[in-house]
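Chain lettering (A, B, C and D) follows the sequence in which the chains are written, and residue indices restart at 1 in each chain.
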Amino acid sequence: MHAETKQHDFEPKIVAFVCTWCTYAGADLAGTSRMQYPSNVRVLKFPCTGRIDPVFILRAFQKGADGVLVSGCHPGDCHYMAGNFHARRRFAAFRALLSFVGVDLNRLQFSWVSAAEGGKWVDVVTELTERVRTMGPMPEFKELEHEEQWSTFAGASADKVLNSPELKEAYDSIG
Amino acid sequence: MSRIGVFVCHCGENISRTVDVEQVAKAAGEIPGVAYSCDYKYMCSDPGQTLLKKAVAEHKLDGVLVAACSPRMHEKTFRKAAEAAGLNPYLCEMANIREHCSWVHEDRGMATAKAKDIVKLMVERVRKGKSLAPITVPVTKRALVIGGGIAGIQAALDIADAGHKVVLVERDPSIGGHMAQLSETFPTLDCSQCIMTPKMVDVANHPNITLFTYSEIEKVEGYIGNFQVTVKHKARSVDEKKCTGCGVCMTKCPKKKIPNEFDQGHGMRPAIYVPFPQAVPNTPVIDRENCTMFQSGKCGVCAKVCGPGAVDYEQKDTFTVEDVGAIVVATGFKLYTIDRKPEGSPIQGYGEFGYGTIPDIIDGMTFERLASASGPTGGKILRPSDGKEPKQVVFIQCVGSRAREKGISYCSKVCCMYTAKHTMLYHHKVHDGQAYVFFMDARTPGKGYDEFWRRAVEEEEAVYIRGMVSRMYQRGDKIVVMGSDIQVGTQVEIEADLVVLATAVQPQDGADLLAQKLGISYDKYNFYSEAHAKLKPVECATAGIYLAGACQGPKDIPDTVSQASAAAAKVMTLFAKDQLERDPVVAKVNEKYCVGCFACKKVCAYGAIEEKEIRDRQGNLVKKVAYVNPGVCGGCGTCQATCPSKSIELDGYTDEQIMAMIEAL
Amino acid sequence: MTPGKKRLSYSYYPGCSLHASGREYDISTRALFKALNVGLKEVPDWFCCGATPAHNVDELLSLSLCAKNLSLAEEVEGDLAVACAACFSRLKTTQHHLKEDDTKRKQVEVAIDGPAAINKPVKHILEILAREFGLARLEESVKKPLLGLKVASYYGCLLTRPPEVPELDDCEDPSIMEDLLRALGAEPVKWSHRMECCGANFTLSRPGVVLKLSNAILESARIAGADCIMVACPLCHGNLDIRQKEIKEAYGAPDSTLFGNIFGSELRGGSAPDQRDVPIFYVTQLAALAMGVASESLGFESVITDPKPLLRDKQLL
Amino acid sequence: MKNKLMHLSNETMNVGFVKKVEALSGSSVRRCFQCGKCSAGCPMSAFMEHPPNRVVRLLQLGQGQRILAGRSIWYCASCETCTTRCPNKVDLAAIMDALRKLSWDADGPSKESYVQLANRLFIENIRTYGRQYELRLGAAFNMKSGQFLKDLMLGPKLISKGKLKMFHSKNKNIADIEGIFKRIEEMRKKGEAL
């Protein structure tokens, strides 16, 4: 039987950002094939990995994710021709940045999973879950969030953010 | 959105077995903004859909979430139902609690917890969703067909017969392609030219077809329904309008010993020539590399003898831009050569066959020309080296094909059949001759195909030897063929007079370059990729571009013609409407914030982003901003993730929606 | 007998074996037909059909010999009944070839100096019993049902192959023997080697071949739990019966083959190798026994692998 | 011979021989596409150096001499399994018959094999007696094959069981048989029959 039937002290929260054409379909295939994997993962669907803004990843860590998976079509197989290439370059830079600020890169995984790779999806998710489980919770960004509201998307409406006079001035000066 | 309805499906027992659906529905009902929630055995069933519609009306819902299977399964179903209930279909979403939850987890508690989470995330998505309207684009009802072989001809004729204008572009001086080169065709042995040339003439005479031969595709812009294709018309050096096709220039041309490509280099042609007598159009071209006039400036005989004065040495390449709504790609194939290849080429020739240095080792297409009544030998089977009639002919199948070591692991599909045909043609023409065929497998799926092959063996007395040839070398005027018969279990040696190689079918040279211009994908061999191997075998992943014939993969004539007609049918389907409707998941620019850096333009794979000038009332340029052409936008969202000022947004996947979902984690 | 139904009557071609090594087949056939009140009149002065050796090296001779026999049989009233599977196969093959091939027919007619009787119906004893006399009537006529007798019915090669020639039964899954056995009250066993070759006429030239092939048949019958094997061919009978002792010596305990050494005991459930005698019966012997014919007139004394202990055990003697 | 390099040409492929086989057997040789089903079911395959499918394959290549040089054809039991199961209607049993006849006629190297000897004695018996005389057949076989002790213990047993007759009477119409043999020989001499 699978690991999920065991009781663990720590159940990490894993967020997966996936493209709809390859990895989402691959995860569907894992389902139709009745494969089993840890239930820790929450999937967010995007049209393409090219759509995934690094800010999403930061925000996910902030909002309680202990591990993040980004997964899309294999290079060359992008439904949108080149979106995954842009994503690859973007995340290569982003990883360096994360590493620089001291985030353990073992918490963030990039994998290519095609629509035919249900088994690979299971492997990737299982591996990441178990790895993050051994690493324990990730407190850094969460603490940060309590300290300051630095994002326009921090739960508050845009009005509230624009309440600061500096921002309002800046906003009015545009266009 | 403050009145959201959540519908949790049991999917029989598929979901309810591991997920407590009642709890999920109850938890959903407690999410702020959810006005109604319930669970039901089969949401996709007719009563299930009715339940949804009724709930929308009764509870005045302004957004709907169905927690059930994958949206890839039933999103359309429920969006239709929502639309019928008066909601915008894009305000209906699905939470996947089957494929991503109940089927992959066994622990009921954890699966239920996960299902609740998924529903929570998706409720946020619905909450931030926007009404979207489908996008319409106009359709130019004019098609472009690239390639004038049997595939292109068939597609062009079908589309033209349906009443649409067609532009047919062919790279060579005449249409006809490989089929015009063939002698007789399997499995009926009817003469290829007899069935091919009437179709060529039909193309030339069809009022709806504009034929450009000796022309190539230079540039492709636009999108489905609205392509702008730049066609390069290579300088023919003969004015097509003036030329009457009398042929005097060809007879008078002093340079006559140029190997004719149409005869695989075994016949001769002059420097001003038509490739073969039935060529369409019957207008010659000057082969400038071999023409004395172009090489040394001294000659000009053709211009002198030309009555209408059609020869024009000054002619230049010209370009036209064709507006078309659909493109059929039918560029066909070439044959693998066993020559030694320059270093670095992925495909190596056959050193064990002497790298093609033995003149009497020929390929299948050359044999076709030898067997053809219009060929260099007038239909007599005579070997190239000394013109003698070969009495022992060895055919070798799978040369290049199914040879991983040569870089080709696919089966070329047509060789088994045409080799069987060759043995028959040979037997008909050389009664006392003996044909041998070395083969690994005889692959003859097709109507009447296996019977045809068996006829070659049983009635036409071809000796088929299961086994391959290891080496060939010249001994006197014979070619020693060293092979094996794995059924007998011995080595076999044959002293052959002629050896015919069934060489692999490969995509045309430059297939990759054309694909890049068209924005279509191709495989590692350069064969063009269809959108789906089974269900979309004719369409490219790029909308509005269709495939026909061997450019997609090795194909015989019946399959090619079928696919060409299928591609034509797809074009006609597209042309049946004046406007094209498409999914409104496209990017939009907030011109107020856009600073005109055009980072988005650089990353857009579709070329959908244009520069737009914003002017004041006086007409002074205020700033330049990006503009997304909704007809071209593919909806990947790369631009949005790239935009530094966050002023471009993909409908259906806005930052607001995604951030709301992340917040709900 | 059904009232008004004509008494069945046949001409009879016994063949060489039935007058020699297969005499008990002939004896029991005659006894059975008498018991069933079916007429049987031997064709006078019949010749050897040529059997396998003739067609092996000289097809024309083989066809001519059979054609000659067929025209001799024309003189006797009734369809031609044949007991020997080999003779039956040769006679049917001859008719089949001569019907299909005019050239061969003409050559044969020259050789036998007369017309070939290609339309004389040729019937195997099995056919006569199961179809013409009929299983129902046979069942009615049984006086001493063969209760508790587990029989492996062995068809061999020539009764059914090739299908267009004997036209007796399904060529890969026949049931005529089993049907017959059931009618006689016996229990046909399911087994694997019903149609395998026994080695046939190699008994003279290559007995080693016969030992190997026949051993496989006997083994299979034993594994299936059969008490005995029923045959319809004197050659098969010869190989399985006369050579049974030799087979045991060659392949018997301890199992001399590597396979036998390693797996033999497992296959047999850990017990010692099964060395049971497997008596071989002709179909007519069993049928006659069930009809209550005295066992003394069934030629059991000629059989090498003595069937009497088995029959006594089953209280059939 | 079995694995020797095979030179193929119009000269080395004996098509005439193959045509004879086809005429005698009434079965096409070329029709075989070498699926191997005949060899799969042949009870004698293990005893043959060329299994049945290879016999046909060699015929397809006009290599009759390779077949006749071997003993495969004499190990065919004529069980007809191959013919019955051939998916392509090749009558292999008949082809085997034809090959044996041609080997017999050609005085082939295997003519005096035990099988051949048994066949010859069998046919001689028919010519002399009209019917089989099993005792003589066995005795003559043992004499001629030099296996004087073969089945030594079996003979007397069979005699005592009445399975072998000591004496055998000729058919009354034995002249008819001689006529058949004579007329066949005549036809062959005149070339009216193969």
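Note that in this section a residue touches a chain if its C-beta (ideal position, glycine included) is under 8 Å from a C-beta of that chain, and two chains touch if they have at least 3 such contacts.
Being a predicted model, the structure only gives us computed values, none of them experimental.
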Pair of chains joined by more contacts [C-beta pairs], C-D or B-D: C-D
Where subunit A and subunit C are represented by their mean Cα positions, the distance between them in whole Å: 80
Inter-centroid spacing, subunit D versus subunit B (mean Cα positions, whole Å): 61
Length of the line joining the C-alpha centres of subunit C and subunit D, rounded to whole Å: 23
Averaged-CA centre spacing for the pair subunit B and subunit A, given as whole angstrom: 36
Inter-chain touch pairs (all): A-B, B-D, C-D
In the complex, subunit B residues that touch subunit D: 391-392, 432, 434, 436, 442, 454, 457-458, 461, 463, 465-466, 485, 487-495
Complex contacts: residues of subunit D adjacent to subunit C: 24, 26, 43-44, 47, 75, 77-81, 83-84, 91, 93-94, 97-98, 100-101, 104, 113-119, 122-123, 125-126, 130-132, 134, 137-138, 141, 150-151, 154, 157-158, 161-165, 171-173, 176-177, 179-181, 183-184, 187, 192-194
Subunit A - residues contacting subunit B, complex: 1-2, 4-5, 13, 15, 24-25, 27-28, 30-32, 34-37, 39, 42-48, 50-53, 56, 59-60, 63-65, 78-83, 86-87, 90, 122, 153, 155, 174-175
Subunit A contact footprint on subunit B (complex, rising order): 70-72, 96, 98-101, 103-107, 110-111, 113-114, 117-118, 121, 519, 521, 541, 585, 591-593, 603, 605-606, 634-638, 640-642, 650, 652-653, 655-656, 658-659, 661-663, 665
Residue ranges of subunit D in contact with subunit B within the complex: 2-10, 13, 28, 30-31, 33-34, 53-54, 57-58, 60-61, 63
